[in-house]
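Here subunit A shows up in two complexes: once beside subunit B, once beside subunit C.
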Partner chain A sequence: MGGVEDETEPSRKRIRLSHEVLRDLANGLSIVGSNPDFSGDLMARSLPIKGDEEIVGSKGVIKRVEFVRIITQALYSLGYENSGARLQEESGVSLQSSVVNLLIQQVLNGKWNESLATLKSIGLLDESIIKSASFLILEQKYFELLDDDKVMDALKTLRMEITPLSINNARVREISWSILFPVKFVHVDSSNFSTTRAKSRAKLLAELQKLLPPHVMIPDRRLEHLVEQALILQRDTCMFHNSEDNVMSLYKDHQCGRDQIPSRTLQVLEAHNDEVWFLQFSHDGKCLASASNDRTTIIWEVDSHGDLSVKHKLSGHQKPVSSMSWSPDDSQILTCGVEENVRRWDASSGECLHVYEKAGYGFVSCAWFPDGKSMCLGVNDKSICMWDLEGKELQCWKGQRILKISDLQVMNDGKQIISTCRESSILLLDVEAKVERLIEEDQAITSFSLSRDNRFLLVNLLNQEIHLWNIEGEVKLVAKYKGHKRTCFLIRSCFGGLEEAFIASGSEDSQVYIWHRGSGELIQALPGHSGVVNCVAWNPANSHMLASASDDHTIRIWGLNDLKMKHKGPANHCNGVHYCNRKTDRGETWL
Partner chain B sequence: MDADPRHYEHVLLGNDEIHSVVLSYLVHNCFGETVESFTSCTGLKLPANCLEDMEKRKRIFHFAIEGKALKAIEMTEELSRDLLEKNTDLHFELLSLHYVDLVSSRKCTEALEFAQSKLAPFGKVEKYVKKLEDFMALLAYEEPEKSPMFHLLSLEYRQHVADSLNRAILVHVNLSSHSAMERLIQQTAVVRQCLNQEQGKDALSSFSLQDFLKS
Partner chain C sequence: MGRLYIQNLAGEKIFKCKFCKVDSASHNDIISKDFRGRFGRAYLFRNVVNISLGPSEDRHLTSGLHTVNDIYCSSCQQIMGWRYEKAYEESEKYKEGLYILEKERMLKDGW
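Right, the complex of A and B next:
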């Protein structure tokens, strides 16, 4: 490349420079730091670049003409009309053919007959498209005439112009109704009238554009659509996307880092005296309930810093607590002892409000109905029953085999009950319609979990796989997750994270496993517990908080690695320090 | 397998019964002259005004069949003020006959005006909307006979309306809406069908009047 530094032979160098610059221009390089006079000169002449490639972009899939046209369209839609016009001039590529421009003008000005003629003069259109487009234009003409109270003219248009097209008889029938009962727009004043008319004509144009082949009339906002498509694709493939405030930028491909996934133990909660079996966050994410082999349930409160502390310890069961359920408004909680009774507690006072028993039987699981006025209980006589809060039995479904520790869920609409039934199937019972659906697996099912939107079910199997089922309509298997260990104990998994994009599970190797739901890839295996991790729960209100319960009597709260942004507060909240034994930090004592 | 004709002998019929069946048929279909000769031959007595009523009904019926619906309506209203009020379906159909007449005579403007004044009120009632849509759509075609709704212009439709009108008037004067003959034939067919269902498909063939008459 010729440099400007050599001043010894200015004239020769200058000429050479100009050739090189021209060549560089032709290759698409911009002029950087070269002779200002020359560059200005070159710009002013705006020479059509020779050797214009048909294809742009490194992958060889973008056609230059199409690219320029959608950019021009984008310029116009942004309001940069001068730039749009200039680009058409400079590139030699026009946005629409002049015929199409004429058509657009005629439609917007209500020149119906002329627009029909123009329509026919656009070559490249087949007969049926011309007819459909003419139909639309004439329909507009018809309705505008009716709007102007020109009923006989409208009738004439209908008879002489619309019907003879012999397409869409059903629509002809529909619009004939308007001859008798014209739908009128309420025009407050004349300015309102013209805007409604303009809007309706613009709408017609949009409909026409859908009919015409895209190269004749480019679909509106094409460039925006393509860019959005790319962004959404990036977001969907981003495996660690777990944060609302990661705004997407066009400058670089969206890629969240692993740091968006909870992977660090923030707290170790030691308040149970035995294995912790079950965890569930309240719907508002402000409390966590944990149930244990020590026959108690503890309600923990999540404070504004994301730290948990014991709010209440609920004791009373004589058997270990195997299942619990938060009421829809989070004010109460049901706990179920293994083959024992069910207790209802007030979550804010910790008081036991009711003990439910069924003489001669024991309960194995419990779930609230979404109206908060009744509950669904699994009984160890293989039936499921529905009781009101006073203890009265409202309904009973017999004949399903409920296992000893079995899961029970009620869907948000209160119409479907999901329960494990027989070793390797799950029953979805529609209470009203009395319709049953079954999810059949080849392996024994140990537990399941329902997604928040009730469209998916996560099923844990004996063979160490977790299966994701779509339960809308026909049940179908959608994905499988593997990697964790499960040989003899009951392990639970859950949905979680932003828009439930992740699956988490406990494991017999004492780790917490996290997968990306969409791709099925294992993202994290988190060590920390010293015993089997029985259950995990992801905070529904905080996509960065995950809780895990283990045989080592503790519950761990997991959060993001980098907490600099989140914490402002007491000095002991600093990064990189693992928490253990909060009781020593805060000086509180546990029973 | 048909019913054994010997079984018929067990059914006793009196002449009077048969005569009244024939008479009800004749009256129903307004065969005035035939009724007169029949009654004189058999000695049956006709109720008062029967012949005059029949004559009126006959004229109304013919107006309807010819599509002269307005005349038919006028005469019906003379006969009974509220008959059409009480039978809105019938009223609608009679009005539509006139409308269809205008449409087939290509009198579009008149047809539209008639629709706007007389048919439009029916459009507010849900059950007439679909039918009214059909009628309005006729206006969209320069050749309504070639439209999907061509059946509305047909003789069958006019007959259907005329029939309904006839039956409504009969009911109004406390006669039966169906002649005895009709009812008997209908009953036979239904009974045959029921027996078929009970005994299995090929036990008895469906009743066919033609076949019966030939046998």
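Right, the complex of A and C next:
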């Protein structure tokens, strides 16, 4: 709409006009929400105008006039009308020019023709704005006439006043249907057809305000909007922001401390007999599944205190379990042996429900489809296939060059399959449209993980870098994270924390690495494991709980540093060693 | 050790680890065939894969003093050769960052 930008010249002129208007009119003028007692207080107008400086604030970017006007607006919207009026008076800066006030009054009172005249007298430079605003006013007039059953008058308005404006002809045609089709025949299914009756006049005012340049009619709640912007910016730059309960205050810039990030081992889970390679929390965060070189998968339960204990140990695979996938409703798990079969288990009973095999081949990856009725499997003949839960093949994509070590994910809408292919690429395959997109790196890709909102992909590379890609529309590299060590093993990373604002990764130096996602800064490197940390998983339901799986056969659960000592009875969890004494913590590396 | 990430090389002539048969280097990456190692003939490569580096050591080789790292196959940990970290004579500087693989430790695939 070509809103007239920041013109200080006209506004200053207008202010001076208002000065005179203020001084000249002895009987109270129509200030929005004016208090009838105001006229008794006119003595105040002879006070000198305080603080005539044009700019306020130390950075020299705030114009005094604008500042006062939005404060006045805030006072009025809070209901402090007396204060609002007084401020206008004291500062000599009027919230709206009297012309605009008049327009507002006329619109609210339904005086359409007068309002059109007032509109023209505001002195807007842009013709198209005047036309669009007139259109809105006349449209309102038209609908109100129809509501009053004054069909002929409405028709006249349509013909003689609206149409000659020659703008938005499509809308003109749309609204002309209203004469033919009274309200009873509202078409529910066509969303463009707003055969609504006249909207409220307040709503019209809101729309006019959006149309007019901001210095003429200040957008509603402008001061609140600016303050919120500042608060949100503070929150976004807060590198450790990981808790909801931090209520932001206006008195102090928001800055969380390091204590919001899990950095202390709360539990060491020892139940596997060999290296633990893969970890994943259930979608509801109540369970954790771990897959190991010892050919078993263990399902752990998170209790109300945040302690984990073994629920089931799933044995049956003859090969090490390389990965697993929780069903969308968390009731079942798929596990995949290294180039072996895929097994489906009931998560609450621990029973193996089905073993899937493909004669002569082995599976390399597995993932559920969001409907929970079919699954996607990577095969070591370089193809991807889709099977139903009975084991019947529904679809197959050959020639995808799937590697023997590859990850597989299905997006939440069930429309796209993501898999590693060709060593340094990731394939994003649209199932129905049969469209392929590729993320191409110049280094080998060892693993990847998908964000919960499915908009981003975190890719682990051979050269010790982790790349963040935006996969909406055109794939785009967004950020890089460095610091951890990887030379020969498959190390995994994940998203996590409040709104997935953090990236965590395992490392060959036995530490867990945590970066702030937005800034790319390394926040923590947590020692504790005595072997390569292969995989990390952040609890989606608890932004303070992080789990890590290592070659030292254990899984560590990390939590906040200042967690109060909880009542732990005699260790009835024989598989979890509890760190009861804070003093046993070794000094952690603060980076 | 954790879940090994094994790289696969593209190309026709590939050198593989004699013991576990994972790819080590490609014939295209040979810089020179004129070297001798512990076990006899050795080749100088610009790039190798599936290799773990040992610690840096100073060693007196026939070509002079060098700082080297022994390299091991990351899959089976057998020693395959070494990597030149630093050379102390100007004429030997070209070897820095390059790898020696001993012919005796490899098998040839593709020819």
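The working rule: the second predicted complex is superposed on the first by the 493 of 591 C-alpha atoms of A that agree within 3 Å, B and C clash if a C-alpha of one lies under 4 Å from a C-alpha of the other, contacts with A are read in each partner's own complex, and residues count from 1 in each chain.
Operating definition for what follows: a residue touches a chain if its C-beta (ideal position, glycine included) is under 8 Å from a C-beta of that chain, and two chains touch if they have at least 3 such contacts.
In this text the structure is predicted, and so the values were computed from the model without any measurement.
In the superposition on chain A, contact of A:365 is made with neither subunit B nor subunit C. In the superposition on chain A, A:532 contacts subunit C only, with no contact to subunit B. By the touch criterion defined above, A:335 lies against neither subunit B nor subunit C after alignment on the C-alpha atoms of chain A.
After overlaying the two complexes on the shared chain, residue contacts for A:493 are found with neither subunit B nor subunit C. Look at A:423: by the touch rule set out above, it reaches subunit C but stays clear of subunit B. In the superposed pair of complexes, A:322 makes contact with subunit C only, with no contact to subunit B.
Subunit B contributes residues 108-109, 112, 115-116, 119-120, 123, 132-134, 136-142, 147-148 to its touches with subunit A in the complex. Put simply, subunit A touches subunit C in their complex at residues 275, 277, 293, 320, 322, 403, 405, 423, 444, 446, 462, 487-491, 508, 531-532, 534, 551.
Put simply, subunit C touches subunit A in their complex at residues 1-8, 50-53, 74. Contact residues on subunit A toward subunit B in their complex (touch as defined above): 151-152, 155, 158-160, 162-164, 169, 172-177, 179-181.
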